[in-house]
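To start, the structure under review is shown below, and the notes come after it.
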């Protein structure tokens, strides 16, 4: 097991698409995404269901080393500031297999 | 980045609707929800798919300060006791943007 | 509240079905599963949507005592090695109700 | 008129009913078959809209219009309340079930099962028995009163138990606020439940648009009803079988009581409906409303208002016992009776 | 020729439009009704394929084939650009809206709303007014240019503002890389958006296969169009109502301006389409393209290219104002006008 | 009788096949088009039920009933086993592929592809060539034996390799328990796979209910087959294209071998089916069963029983090579041959 950071983001699907591109630029190679998130935040209620992508929210989880996590957060913060959403980081032990 | 608590709950969709009302009463303003959770617990297997809401489970995640998390847990515990489900709390760093 | 471990796995749906059987053998009685995960990893991009189960990924979360978590990881590692996916462990406080 | 065995066989060996059993066997044989969640929800919207729009289009043509429906709505309401009350006392007195569970079960027996309604319509269609298309629209008039009655009875029973026990510490304080719901909230919630809402809404649409201008939509909603019903009953079979499993821990007397209540409600409904002038077909649809046990609006209301009730019990009974019984045996019996009375 | 009131009433009291209001009331009455996400997405694929395949099958039969469509495509392009430019300047000068939001709103007004298109087709069908089936295929020729025009205008406006302010610290550095998109990327993205892609793709399929060999598919795609449209408009109603709520914080002048822009674009479109030789039905479809406000391709492009724009504003306006207006009032007016001109 | 080019063109320029290519181009052009997951799963249930119920209704009318099907079931079983065994040895000897991957690929070649089956049916329908409706029901008789045969061969090969290497440390101890599956488990699992289960189940329903009383359901299941197939093939196109990408790292010899195996299996199947008395149409359906490569039941079984096999390889080959080949070239060739033999 190796130490790693888990970054979790919930944001509008359209913004997440942009975030993923930002991620790839800071060298992140692995992420997972779950669509159909609903909830409530500063922008009011969001719905899970709509055929219009820009009206749905999305969850992404990135497991990566601490340095990458920091770069990722720097890249993603302006997007969160502008469009809303939430981003949290936590410590995890990653099962190591090569 | 600010310290925060992440509360995660998995429970029946019907009960989660009640829990969200409880949450709003303890002042929680942000949460996210993912439907279509299946699994196994003390009440046996639960299925992700059914048009009958009361037969589906649901995941909620709340990021909030420690005090709110405590109030939330107090509010939610009797519901979990009665209807089942699971609730865990963990420490996270929340990305701060205002 | 009691201390517990949260084990999170993302892997191909077919492999997760096998993992759940492994879990039951190490005595784990509770887990939750979310289908329709997409993402990117060593094996390239994975898609959330397909009627062919073996082309979809899946998220599982297990909350359990540390000893069980260790057994679970031992059981699951060879599967992850072979088929890919990701597994992380973190510390949580579990709300205690009996 | 049909022979009872003929009707039973026709019904049993019709595609929709067999798809129900295909679902049951899927669970038993551990097939990975499931009706996708969104498809299931879409199917229910379609079926309710289909029933509603046809009901509306017919009422639009009826002499007297909506007014002519009024006496039937009142009868439905009385049925909803009486079935619930009777069930509650039988459950408490005969089976010694606690107030909360008795309330929830009674709500289920008194309220309406949309699947039973649809099987009834499909059975009449395949036998080419006509029916008054407005009868399905009586759904909410039986459903909401039953739920309200059951909650009142359940709460009254719990209060009585508590006052006997002089319980010093209320075990579920956190629930008190949410537990007490106003009557109006309960009515609104059972009317805005997606299924009921679509039924009522498309009834109004059918009423406004009228049958002539609905030609194209009717073709869609009517033409596909049978096929979509097959898929719905496939899901019902899966749900019934997986719910029945959970019932095994429960009093075995629930089985005969559930069947008895269905039969009595259905029979009574046929008598009353016939005496109010409904055709045999219409009487059967009314009997389907009365005899079916709800598993959609009821759990939603119970989780909030009688949270002490065990969902496995009322869901298992409604889906695993009452529905299959009505589908396979009850409905043919009610039809036979209705045709006998109409002679 | 129809009386304007007749057309309006026929339209308003048609099942699809009433299903829209059923969706609106569902939100207002807090019903838990929703069209399941996957069903909604499936419905859009179906409807776009249906329109596309019919357009293709018709072009296959036309004298001149694809070439005959060319002048109309050019007109659509000019409309897309002009509506966008006009809207942008009106928004900036009259309503003093900032460049980014003006750009996004202008993009929405200039680009195409698939729901408006479908309601137009359904209205013509129910009045048995024929139309040139290729007109819906002009969609992308109006949509992409409008989006590109709007982004250029918005960016030009922001640059001008910034140079006036001499902003020392760029507030959104992280966005710069992604903010600058090449023209070709924008065109490709708006053409490969799933809805537009299916429309174009099935148009090509219709063109290749031809009407005779499409008999079976046409029955499916044509026969179910009306019914599926009801379900689509139910969802549109839910979306419109929940979006309209969010608009309340916004300049109230947006309401009359949105309506004015729709009316002017629609009217102008009818005139031009008629003078180019389209039938009244074809002119109405063209007017639907022009008058509708986009809420699918536009937000996708704006989140990347004009990220400073507030999505609540442009989505709320397109879904909550422009669409209901065109559906209930605009389209009948355009039809009336088209029939008047054709006399 | 048709000219081979006519058949190929008719097939290629039919809407369902073109929708397949629409899906392929969607991936290539990076469109965000996808068939929603639940819709895709619903579509498969519909298509399998449609085939099954028609097969059942036909067998109900056949002289001899189920018994008459027996010799064909046996033939299907022999085909499943022989194609698998042949493929396995060719893969090991000619391409020097390791036992696990050879086993998985052989399973795929021997087992059945539901999409190929459906395209065959659709091709015959559009050419108005009749076929014995029971042939699709032979699906499981070819599918399960192929999978079992492949697992046995693969395991036997692995054991032989291991005994040669005298591997001291087993690398995947955790898998041993789950890796060893009983024969009966494999058969049950491949029969209870949702697609196969629905096919068999609705076949039984068709058999019990019979064609006369299935009128309404048949209209639904038959009338929508073509249209729903378009949506299914759209998804198949997306899957095929995204899978093909992953194949690039693999031995290029897999391409000609996959095509050769399809052609040989299909041709042989036509000969044998014709000599057993099937019509040209029936022979083509049988050839579709034989020539298609499985991508549903096979991966499910392989992940457990031959987990060392690389899913990209067998899924990519089945979806990216064998299916498109059979769809565009194979099936017309088999039909041509069948009609030649029948003269």
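Note that the chains are named A, B, C, D, E and F in the order they appear, and that numbering of residues resets to 1 at the start of each chain.
The working rule: a contact is a pair of C-beta atoms (placed from the backbone, for glycine too) under 8 Å apart; a residue touches a chain by one contact, two chains touch by 3 or more.
Because the structure is a prediction, the values reported are computed rather than measured.
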| item | value |
| --- | --- |
| Set of chains whose contacts include both chain D and chain C | B, F |
| Chain labels contacting chain E and also chain F | D |
| Intercentroid distance (Cα basis), chain F paired with chain C, Å | 32 |
| Interchain centroid distance [CA atoms averaged], chain B/chain E, Å | 39 |
| Residue list for chain D, restricted to those that touch at least two other chains | 32, 34-39, 41, 224 |
| Residue numbers of chain B (touch at least two other chains) | 34, 36, 48, 53, 76-77, 81, 90 |
| Pairs of chains in contact (touch as defined earlier), listed by label | A-B, A-C, A-E, B-C, B-D, C-F, D-E, D-F, E-F |
| Of chain A, residues touching chain E in the complex | 12, 14-15, 18, 21-22, 25, 36, 43-44, 47-56, 74-79, 81-83 |
| Residues on chain E engaged by chain A in the complex (per definition of touch) | 34-37, 40-41, 43-44, 171-175, 177-178, 235, 239, 242, 246, 295-296, 299-300, 303-304, 307-308, 311-312, 315 |
| Residue ranges of chain F in contact with chain E within the complex | 10, 13-15, 18-19, 22, 25-26, 29-39, 125-126, 223-224, 226-228, 230-231, 234 |
| Chain B - residues contacting chain A, complex | 1, 4, 6, 29-36, 61, 63, 90-95, 97-98 |
| Touch list for chain A against partner chain B, complex | 10, 34, 36-42, 48, 57, 59, 73, 76-77, 80-81, 86-90 |
